[in-house]
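One chain, subunit A, appears in both complexes that follow, with subunit B as partner in the first and subunit C in the second.
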Partner chain A sequence: MNSRVLKRLEFIQRLVRQVCSMRVASVFRNVVYTLTMAIFLMPISTLVEAKPAFGTRTLVIYDQKLTELDNYSTFLNNLKQRSHELSYRAIGNDSTPISLFRGEDKLYDNLIVYPIRSRHFNKQLSVENLLSFFSKGGQVLTITSPEGLSDNVRLFLNQLGMFPSPRNYYLNDYYHGDENNTLHLTKGESLNEHVVPLGEYDLVYKGAAALLDNRQLIIPVLQAPKTSFSVDSKQSDEIWTAGSEGYLAAAFQSLRNTRLAWVGSEVFFSNEFSANNGRFVEQLTKWAFAEKAVIKSVGSSHQHIGGAGYLESPYKVKDSVVYDIGLSEWDGSSWSPFTADDIQFELKMIDPYYRITLLPSETSNEAQYYTTGNFSLPDHHGIFTFLVDYKRAGLSFITEKDVRAIRHLANDEYLRSWDITNSWVYLTSIYSVITVWVLFVGLYLSLRKPKTVETEKKNN
Partner chain B sequence: MATSCTQKHLIRWIQLLLKCTIFLSLTAAAISSRLFSVIRFESIIHEFDPWFNFRATKYLVNNGFYKFLNWFDDRTWYPLGRVTGGTLYPGLMATSAAVWHGLRKIGLPIDIRNVCVLFAPAFSGVTAWATYHLTREIKDSGAGLLAAAFIAIAPGYISRSVAGSYDNEAIAITLLMVTFMFWIKAMKTGSIMHSTFAALFYFYMVSAWGGYVFITNLIPLHVFILILMGRYSTRLYSAYSTWYAIGTLASMQIPFVGFLPIRSNDHMAALGVFGLMQVVALGSYVKSQVSWQKFQTVMIVSLVSLLALGISGLFALTYFGFIAPWTGRFYSLWDTNYAKLHIPIIASVSEHQPTAWPAFFFDTQFLIWLFPAGVFLLFLDLKDEHVFVIAYSVLCSYFAGVMVRLMLTLTPIICVCAAVAISKVFDVYADFSIFIRSSSTEKPALSKKDRIMTFITKLTVCGSFLAYLVLFVHHCTWVTSNAYSSPSVVLPSRNSDGSPALIDDFREAYYWLRMNTAEDAKVAAWWDYGYQIGGMADRTTLVDNNTWNNTHIAIVGKAMSSPQDKAYDILKAHDVDYVLVIFGGLIGFSGDDINKFLWMVRISEGIWPDEIKEREYFTPSGEYRMDAQASQTMKDSLLYKLSYHRFPTLFNGVEGVDRLRGQNIRQVDIGNLDYFEEVFTSENWIVRLYKLKELDAVGRDLHAVGDFERGTSRGIKKRVAKKPLLDVRV
Partner chain C sequence: MVPKTPSKKADAASSASKFSDTISATYSAYSKQVSGDRQLQLIDTFCAFLVAVGVIQFLFVCAAKDSFPLNAFLAGFSACVGQFVLLVSLRMQVVSSFTGITPQRAFGEFVLASLVLHFLCLHFVN
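Moving on, here comes the complex of A and B:
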């Protein structure tokens, strides 16, 4: 519905532009424009809660035999409200490949994979496809469960360093769970404030836990209780996770800022438990589909204190310069200023010569600007990198890099000798020697004649 | 009388005309024999260093002298950069820029590249002229003409001055001879003007070549020997004092030299002799004033105390660091093993190796055996200027034996001495006047039989020497055309049917680099190719032939000798985008990186002895091999992988034959290249370019990515998932 409204809006806008281009009086044009905008924007602005920063085409893949979509209507409707255009692909008995790309272009921006048991799925969507979709800008939400963990999803997650327990391994807990292995986590805590706001959640969970490896791109979100363990329901001696080494939900952000969330329980999203889990699920999926915690740089610059840029006058050692950067955050509907106090600027040549914590300066509608204030370049020539490398778990990674040469002083940029007080001693001695020498030569030449006469006499 | 006077005039005119003709033809011979390279190949800059000089000249021409003087080059030695304006000898570039501007002024706009290519041949003519004047001062103008002819075509000098060999030496040898010529004139006459000229040309020399230190030491040595021989004179005093004062002050104006003349040990001899000169002058004044006995005591006491004071002062100043200690290059002049042990970077340069004895014959042919004869003849009448030539000969013979490149400084004096010897021979044997005169009224000095015998002897000697001269010309032409005219950027070769072909891989690869990579791409290659990459491909390099920073070179060496994952980290830390290696295994090009590899290992071992060990690159039996027997460290090293990557696919895919080393290279040993991807390989595989892969987006190490893509991880694809062995997540 939402998308339909958007299309209507686009149509009206186009109409308005056409009307305007007919060179009607500008007053009339403005009136028409504002009126139509007001009429059509009002209902929309109340409807749209949030929308993804990079794209709204979302594909839902589910197993017909395992998942009844009606049980997840709350979750899916919530997505629709957040402007997602959902397409569905049921996995059944056919084995036609699922294409995520047409040529080089992505067909979808987001991908939701429900637990899938069908063996055809492995051939329909290969691990390589999943990986390339994920590393080329697609956001992914993978839901697995002990009943449905297809090999391709498992291997894909393994490549990311997440190891969900295999099929038929259930997470058990004699303290929090009931006989159906349903866990009631009354004090579920989010581990990352950017993914899911901190606080205690009353969650209901039934499913699997995963082991996570140590790589820094993984953001653990929900940890298994200390008293829990995942065990094979068929061979009860095999244990996959024990205690808090297991994780129930985890997030992953690639170096190219694409995001993935994994949850090891299907019913976690169901209507049945939405009263408990709804808020957690909403926050987690908002993060995964880039509806929040998305930041970007609107540009960085550096220049001399006077305002002259590098191109006008290249930097030399000890010049005073200032570095600025603007950062924006996606708040769900538009770009707004991003505020933080831990953004650092580095001036580096292999190693950092400076590391300065940036201070907020100006604020515009879209961005918050940060500045280093004046600082003087090191007394060392070389090719330096002006770098802001802001990587925080849960936020988009920002790397702003500019490589510039800092030259040495030119031959006429040093102090002249007489400007250095220490040199006065030497200057005095040099000039006194010169003066005395000139005097001596003068005197010698003028007083020489009578002497030569004397020596001549002696020789004779 | 009047007739004889006009006759003399006529003879003088004819002589002048002859001289001019001879000089013109000498210059023509000198220039034309250096043009082989242009005719065979094209007007192209040769080798390595000339590419930098050429690039610097272009910078000078485009940006003017002020910017050139303060040039900070951010395209080399990334990320350190190089204060190029302050660390080069600007004489060569300044001269060719002046030539270029001058030609434009007179309406001849010539491409700066052509000025640079033809620079060395043009200056060889001037060298011949200067050598003529020098030798004329030593003996006479006949010897001078011979010496000029020799230097014009001697291969020892041509090796560094063919067209396209745009190197500092191209102008430096000319300046060397001009400076010496003025010095001899000044020393003979005591003329302040001549010694000022000597000082000015010395300054020019300082601005053009680091080898100026040779003059700085040779002239004082000459003076010192003269003083020891008791040949002190006021002429010597005025010549040397003028030369030293003006020359030193002038040389300090070159930014690269700066305060070296008063701080470096290499220059101390000149300063010491200057001091000694003052003392000796004072002594001779005192001697003229007081009696001999008194003077003796004064002299002994003052000499001993001066000597003690001087030596202890020198030691003290060196110890406290006021005077820079001797440089490594200097030490390696005395101990040929010094560099190999302590400064591998100096030893790694092929032209710093000791000379093989055939090189002397190759470079100077029959002059080499006339050279001692000439020196001996000079000993016979030991004039002051002869002492200079003898000192020069002895010093340079030694140096030329130690370092191949110093052959260049020896060649001029060989030419001079040989010319003296030959002209002496001709003075005696080519004098046929007795046969012409004796027919007149005078009584013949010899009997008829003796006369015939003398005639035959003279004819034989003259004839054989003429034959030697003809042979010499042939030899010079042959050597020049076959050995010294290859630009080494383009390699001559033959097709299978014997027709000549050119191997143009270097330019092909550099052109590819220039056209297909980002303008600020950084290329890591061994330092030999730094200047070429900068000059031909116009890309930023990490290290180049100006080997001023040993550690930085060692970094590249370490990357080349490390396994690929470590090398990747090192290169990535230096923002490298491409790696360039030279590989000669396919066509048997001997100057490739694997042959230089031990130097990379040695140089990096000097900095990181714990990580890189030369021994590990040899087989257990101590051989340097690339085939199946090669050590694991060798097989793991980046250079091995980059050189042989995909090589066996040219053969049967399992084993390739390295034609240069005659060894079989197995695909198993080469393994997979996970951190780099091949982007370009030239026609004959001489130049191979690799790009550093991007970091994996999902944080795997690139080896794991490679394994995954090759499907070796299919093991995990089995139904049963195994619990991974992980570090505990903290």
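Moving on, here comes the complex of A and C:
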């Protein structure tokens, strides 16, 4: 990567020198210099900077009356630095629908929805539209605030199990906040290390809190302080959240690995507080737009310990086999090895017969390979699933499964009796019985003759 | 109550003596039957051998705590049991032959049945 950048820089310098060697006015030369630098440095910055794993087309929807985008330039520039191609859509008095699709194709990969008060917005972008965008792989960042919580966004979030407080409900805190309901969370702690790295953040927050459903796909990120409560600013007896039951930021990852982040405060992203919140915001949006904590499987395989695959010789009970899987992680610019010590392999037929923690084996540039080591298949024939089902809150979900038959032994594949040491005792006894029986018959016959003669004599 | 205890003791003593009497009577009857009859002695020796082999196999299974080649154990054990049964039926006919069956025929049947038994056991042990 670095060598490519250096080459490019050399190329630029040469070009600039060529341009400068022409006899032109120095002003013109400067203009050319800056232009060429601008043109050539832009792709360099995209090479160096992070970018999302799946797509960079980002649509920002905001309310003209609520949001002044200049106040969010730090946040938006940060997104641009991370290779996002931002498009803007201001919501005003017109009610032309917002299209997220052209036919079946998504027009955007990522969607940022600022708080919106306009009533037209509900018609411009329906809940169904939002849900289908999300379920077809579009990543969403929803920012709501007590001033702007449109019905479509609220219903969309409710579908996912997040319940932000209604309009005009402000999060309040007599210990951490001031009279403007601005909370200073000097010890804001991330609840998920993959979404936002653990540690204490000095955060400034003003806005709403949400109740979260108890479902596994929701990842709480930032919890409201114990002393806080969200209360209706107009009817002060109505309370939405009390204490730490409320959340200030939450994430959601669907089973198809599409991600959503919700934050209940608009000023949380503003330039004014970017010194405090910048790092938290950057990490949260990086997660939401699949710039980090994205992992994938580069393939799994299983075979006999000798190396013969299933197709060459199908598995039978008690065969020794080995299972391997390779995992990659998106590090912001390329796929790199993913390391973890809690990846498990399962051999299942309704119930798991084996659950083996995978051990790292080989490493390539792009992937870390894991192996079960040798294990012998259970003494049970049937249709088994070779499965790695790695689901961790905050990381992409990985499910690799392969269904294979394990056959029973054929008639001539059982061990013969003399191959089993235990049965030597029984074999010996059988042969000794036979040998002694032969001796017995011989002795019996030899003893019999004189006796029969005697009896005959007696009879006579 | 008082006279009962000695009577019980006497009973016990008498039963013990009865038992030993029975044993000794049986033993004397047996030795009387066997003495001078080499065939019966031979049959009984073989029987004792079979019992010993069967017991050894059973103890081996107990000691190994594993009946793994169960077919082999069954074959070995049933070889002993089957041979024992055949021998006993031969012995009964040697002592007093059944009506209509000569001792020669009894012995021939014994040989034939034993051969079938050995054949089955050898195949069952695999």
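FYI, the second predicted complex is superposed on the first by the 369 of 460 C-alpha atoms of A that agree within 3 Å, B and C clash if a C-alpha of one lies under 4 Å from a C-alpha of the other, contacts with A are read in each partner's own complex, and residues count from 1 in each chain.
By our rule, a contact is a pair of C-beta atoms (placed from the backbone, for glycine too) under 8 Å apart; a residue touches a chain by one contact, two chains touch by 3 or more.
Since the structure is predicted, the reported quantities are computational estimates derived from the model, not experimental observations.
J.: Thinking of the overlay built on chain A, is A:N422 touched by subunit B (first), by subunit C (second), by both, or by neither?
T.: second
J.: Between subunit B and subunit C, point out the one touching more subunit A residues.
T.: More residues of subunit A are touched by B.
J.: Identify the partner contact of A:Y444: answer first if only subunit B is touched, second if only subunit C is, both if each is, neither if none is.
T.: So A:Y444 only meets subunit C here.
J.: Going by the contact rule set out at the top, does A:L212 touch subunit B (first), subunit C (second), both, or neither?
T.: It touches subunit B, and subunit C stays clear.
J.: Check whether A:Y175 is in contact with subunit B, with subunit C, with both or with neither, and answer first, second, both or neither.
T.: After superposing on A, A:Y175 lies clear of both subunit B and subunit C.
J.: After superposition on the shared chain, which partner residues are touched by A:I434: those of subunit B (first), subunit C (second), both, or neither?
T.: second
J.: Have a look at where A:Y88 lands relative to subunit B and subunit C in the superposition and call it first, second, both or neither.
T.: neither
J.: Name, in rising order, each residue of subunit B that touches subunit A in their complex.
T.: 66, 69-70, 72, 74, 78-81, 83, 86, 255, 520, 573-575, 695-700, 708-709, 716-717, 719-721, 723-724, 726-730
J.: Enumerate the contact residues on subunit A facing subunit C in the complex.
T.: 414, 416-417, 420, 422-423, 425-427, 429-430, 432-434, 436-437, 440-441, 443-444, 447-448, 451
J.: Using the touch rule from the top, collect the residues of subunit A that touch subunit B in their complex.
T.: 128, 131, 134-135, 151, 154-155, 158-161, 163, 166, 211-217, 220, 240, 245, 252, 254-256, 258, 349-350, 381-385, 403, 405, 407-408, 410-411
J.: Which stretch or stretches of subunit C touch subunit A in the complex?
T.: 38-39, 42-43, 46, 49-50, 53-54, 56-57, 60, 64, 66, 68-69, 71-73, 75-77, 79-80, 83, 107, 111, 114, 118, 121-122, 125-126
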